[in-house]
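Could you have a look at this structure, given as structure tokens, before my questions?
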Amino acid sequence: MNWLNDNVNMLALLGAAAIILITVFVVAKYIKQMKEDKSTGELAEENWDGIGEYKNELPIGWSLAFLGTIVWGLWYFLIGYPLNGYSQIGEYNEEVQKYNTKFENKWANPDEETLMGMGEGVFFVQCAPCHGVTGDGINGKAADLTVWGSEAAIVDVILKGSKGLNYPLGEMPAGLLQGDDAKAVAAYMVEKIAKLGKSKNPDLVAKGESLWAVCAGCHGQNGDGMGGNSPSLKNYGKPEFVVDVLNRGKAGNIGVMPKFNDGRLSDIQKLAVGKYVNSLSQ
Amino acid sequence: MQPSRMINYDYTVAKYFAIAAIILGIVGMLIGVFIAFQMAYPELNNLAGEYGTFGRLRPLHTDAVIFGFLLSGIWATWYYVGQRVLKVSMAESPFLMFLGKLHFWLYLVGVVAVVISLAMGITTSKEYAEFEWPIDIAIVIVWVIWGMSIFGLIGIRREKTLYISIWYYIATFLGVAMLYLFNNMAVPTYFASGGIGDWWHSVSMYAGTNDAMVQWWYGHNAVAFVFTVPIIAMIYYFLPKESGQPVFSYKLSILSFWGLMFVYLWAGGHHLLYSTVPDWVQTMGSIFSVVLILPSWGSAINMLLTMKGEWGQLKENPLIKFYILASTFYMFSTLEGPIQAIKSVNALAHFTDWIPGHVHDGTLGWVGFMIVGSLFHMAPRMFKREIYSKKLMESQFWIQTTGIVLYFSSMWIAGITQGMMWRATDQYGNLAYSFIDTVNVLHPYYVIRGLGGLLYLIGFMMFAYNFYKTMTASKAIEKEPQFASPMAA
Amino acid sequence: MFHWLERNPFFFAVGVFIVIAYAGIVTILPDFMNSARPVVGTKPYTVLQLAGRHVYIKDSCNACHSQLIRPFKSETDRYGMYSLSGEYAYDRPFLWGSKRTGPDLMRVGNYRTTDWHENHMLNPAEIVPGSIMPKYPHMFKNVADIETAYAEALTVKKVFNVPYDKSGMPKLGTLEEAKAQALKEAEEIVANMKSPEVKEALKRGEIKEIVAIIAYLNSLK
């Protein structure tokens, strides 16, 4: 946490130190006066319930400091935050622009490791409140991301169906296939469509291929989603699919996930969190 | 030289309010300690169903201490100091006596109504102005009665020149009256809709940003005219009176007074920095906050210099300790506040625990100590008995001071940590912490704050006990002392 | 010297009043009309949302939650677009708060959902481990006060010309119509909830506080 690099933090710390110092200094001064000086002066003629009043002059330090703050006030008003020349929104725009330029320069072509690190950071702040810190979905309150995107999850989708990504084809019905058939299609999809690597049931891949027609009706022969009518299964289990979920939101069976398209996440950040999410199940 | 001592001052109403201040102080601070521990141990929210949650109790805490403890303390001192520096007894006017008692009893009815309504969740949500319109009306009536009592007493005064304390009581009266009226402007919905829904419900006359401006014009100056101005009235009387020292400088008094009146009202913008109120209003808020240091310090310095050459009293008389520490804390919080009002610092401090830290520097160190110190000075004179125990007073002082130090130091660290974590980013430019991380790190500081508050409360209970014993069981005194209060070891 | 004023309480009081009175006029009035103008797209709350807002106020959520996103990148990253004055044009009272014990909620409707709130309000620490927010089981029992909310909506419509019943704006109608409308909105929310208690109640025509407050939280965008 590079606290001291930020001049505002510096200012806060300096301010804190100044408070302590000035208070100690001034109080010490008056304590000294209380200890050593004698009270003197010309008494006013009034007396209230035994309380008298000296006609002493103003303490010089106090008067000078009063003038000093007034001068400072004028400076603040005319130069520090000039009445007609300062806008807090303008200041914000500059801050963001400066940041964006720096970000683009530095992370124009992020490598794998960068994306993972960045994604992890985004996940903890933006996703963990629903999916839990480990991504397990907090006892079924949101999707279990340690499973989502894996072969097992595909089987689950085939058995239970899917809804809420808001594609033109609407919902995917439950129970299109059962038992081994479902496993077989999942195996085929893992190896040949989404290309997620080796299936756990390599012997079922061939059977899966023969059953693929069930899916092709909506997802297309090659699984590309038929021009945006349903999700592209080529991307399933990949960061691109997660980005799609982030952009569309998901009103699913367990609950609703909001869209993340209000500008809080940049495209690179979305991709990064997608990578991180995929790493949870693979 | 002492004609004032011939007058038989009538302290009936002062006594009522003194006792109310003590009871409501205990109640308010007990709730304060409880909500402090709720922030460390959230299970404490479930002890009394919906009535025991932090959200319901927090306004009860703030309003019990402000409108219970503080106002009662202010009025107790008014009904004591007012008579004495105006050199006129309330006993001389049956009408004023009646007003004073009416003032107290109506106020008490108001307190009961406030407690019930806040516990039920009947609130308008505006900080320090939570009450719905029926209570607002009651408050206005109570306030007008107090005004009549002030100007009535002034009207029959023997001392022609108003003492400094009176200036401040008058300002309190006028300031709060103006602020309270404008901030609470609301339309009762039951009547406007032709009899639908809850009869006590109302809707604010102002919306959004305007509502915020009016609220913090009020909120900031509620601090001015309840936490500051009347407390200055107290210190200007009790410190010179207890110490027997003349006030250091009339010129300083007068410049501080008019300076404070002029500058305070402009500073409310510091509660709205970086909000949607116009930039220039915010800038004004920052500037006047910093300028405000000087008129604030003027009074404090005037008091410290009044003790010039009287260091010995500070050691011998624990009451003087209360006053001197109070004015030191006053200087402390009126320096801390302006620093927090600087835009770049406020960007960090706003919304964090540093603000409640600042608040309690002022309320515990300045307001609390002044009220306790004032009531201590009044007790022997109201009850014609010695203060029951000096030793107890000494220990109370140290216990409470420790409490305050724990409170503000923990909240400083908590606030600045929180503020920095909210804005911290990792090397990729992402926010480094989820919100809950910033909550979890604060746990130890919330515990320390709770303990600090507990110490302060224990000290206050010691005060209550000491006061009660003074009232009932202490040695009687024959002649009222001119200065230093008599106290048993 | 200056003792004249201090011997004339009346003029003294007048003097004090003048000195303290005009700062408010100078700082508050000039931008009053501007600040009250809604930004395009801002709509008044529906009766159900307003009832939820009353629950929010009743339990003083504003004691811990702000509704004001300041123009800093760290805040817009966390909570979304910074706040604009016109977005608050129908907020009576404003609910900016002054302390963030919990996160800002100005745009919570963008990133939390009905089912999430249901779980969270019932037991925050279960959803967000370490949360110090209180549990609100009583909101699942108490019934939301639709009538008072309606009375408020009607009041601001009449007194402050809040554009209810205008085209593209929430409909108010009569109390009966408003109640029917609130029930309809409540149904949409309850469809995404689990609590059998709340569902049962809705069938009887009762809207629980939890439903109203979720309607309100979802409207914060």
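Which chain is which? They are A, B and C, in the order written, and residues in each are numbered from 1.
The working rule: a contact is a pair of C-beta atoms (placed from the backbone, for glycine too) under 8 Å apart; a residue touches a chain by one contact, two chains touch by 3 or more.
In this text the structure is predicted, and so the values were computed from the model without any measurement.
Engineer: Which chain pair shows the largest tally of C-beta contacts?
Structural biologist: Per-pair contact counts point to B-C as the maximum.
Engineer: Using C-alpha centroids, which chain lies at the maximum separation from chain C?
Structural biologist: B
Engineer: Taking the mean of the C-alpha atoms as each chain's centre, how many Å separate chain A from chain B?
Structural biologist: The answer is 40 Å.
Engineer: State, to the nearest whole Å, the distance from the C-alpha centre of chain A to the C-alpha centre of chain C.
Structural biologist: 24
Engineer: I'd like to verify one number: the distance from the centre of chain B to the centre of chain C, where each centre is the average of its C-alpha atoms, in whole angstrom.
Structural biologist: 29
Engineer: Show the residues in chain A shared as contacts by 2 or more other chains, in ascending order.
Structural biologist: 88, 99, 125, 129
Engineer: Considering chain C alone, which of its residues make contact with at least two other chains?
Structural biologist: 71-72, 77-78, 128-129
Engineer: For chain B, give me the residues that contact two or more of the other chains.
Structural biologist: 161, 250, 274, 284, 347, 423, 430-431, 435-436
Engineer: Tell me, which parts of chain C touch chain A in their complex?
Structural biologist: 71-73, 76-78, 80-82, 107, 110-116, 119, 126-129, 192
Engineer: In their shared complex, at which residues does chain A touch chain B?
Structural biologist: Residues 1, 3, 6, 8-9, 11-13, 15-16, 18-19, 22-23, 26-27, 30-31, 33-39, 41, 43-44, 46, 48-59, 62, 65-66, 69-70, 72-73, 76-77, 81, 83, 86-88, 99, 102-103, 107, 114, 117-118, 121-122, 124-125, 128-129, 269, 272 of chain A touch chain B in their complex.
Engineer: Which chain A residues qualify as touching chain C in the complex?
Structural biologist: Answer in residue numbers: 88-89, 91-92, 95-96, 99, 125-126, 129-130, 133, 138, 141-142, 254-260, 262-264.
Engineer: Which positions of chain B touch chain C when the two form their complex?
Structural biologist: 38-40, 42, 45-46, 49-50, 53-56, 58-59, 121-127, 151, 154-155, 160-162, 167, 170-171, 174-175, 178, 182, 187, 189-190, 192-193, 196-198, 201, 203-204, 206-215, 217, 250, 254, 258, 261-262, 264-266, 268-269, 271, 274-278, 281, 284, 347, 350-352, 355-356, 422-423, 425, 430-431, 435-436, 439-440
Engineer: What residues on chain B touch chain A, complex-wise?
Structural biologist: 2, 4, 84-85, 87, 159, 161, 163, 237, 240-241, 244-253, 255, 259, 274, 279-280, 282-284, 286-288, 290-291, 293-295, 297-298, 301, 304-311, 314, 328, 331-332, 335-336, 339, 342-345, 347-349, 412, 416, 419-421, 423-424, 426-436, 482-483
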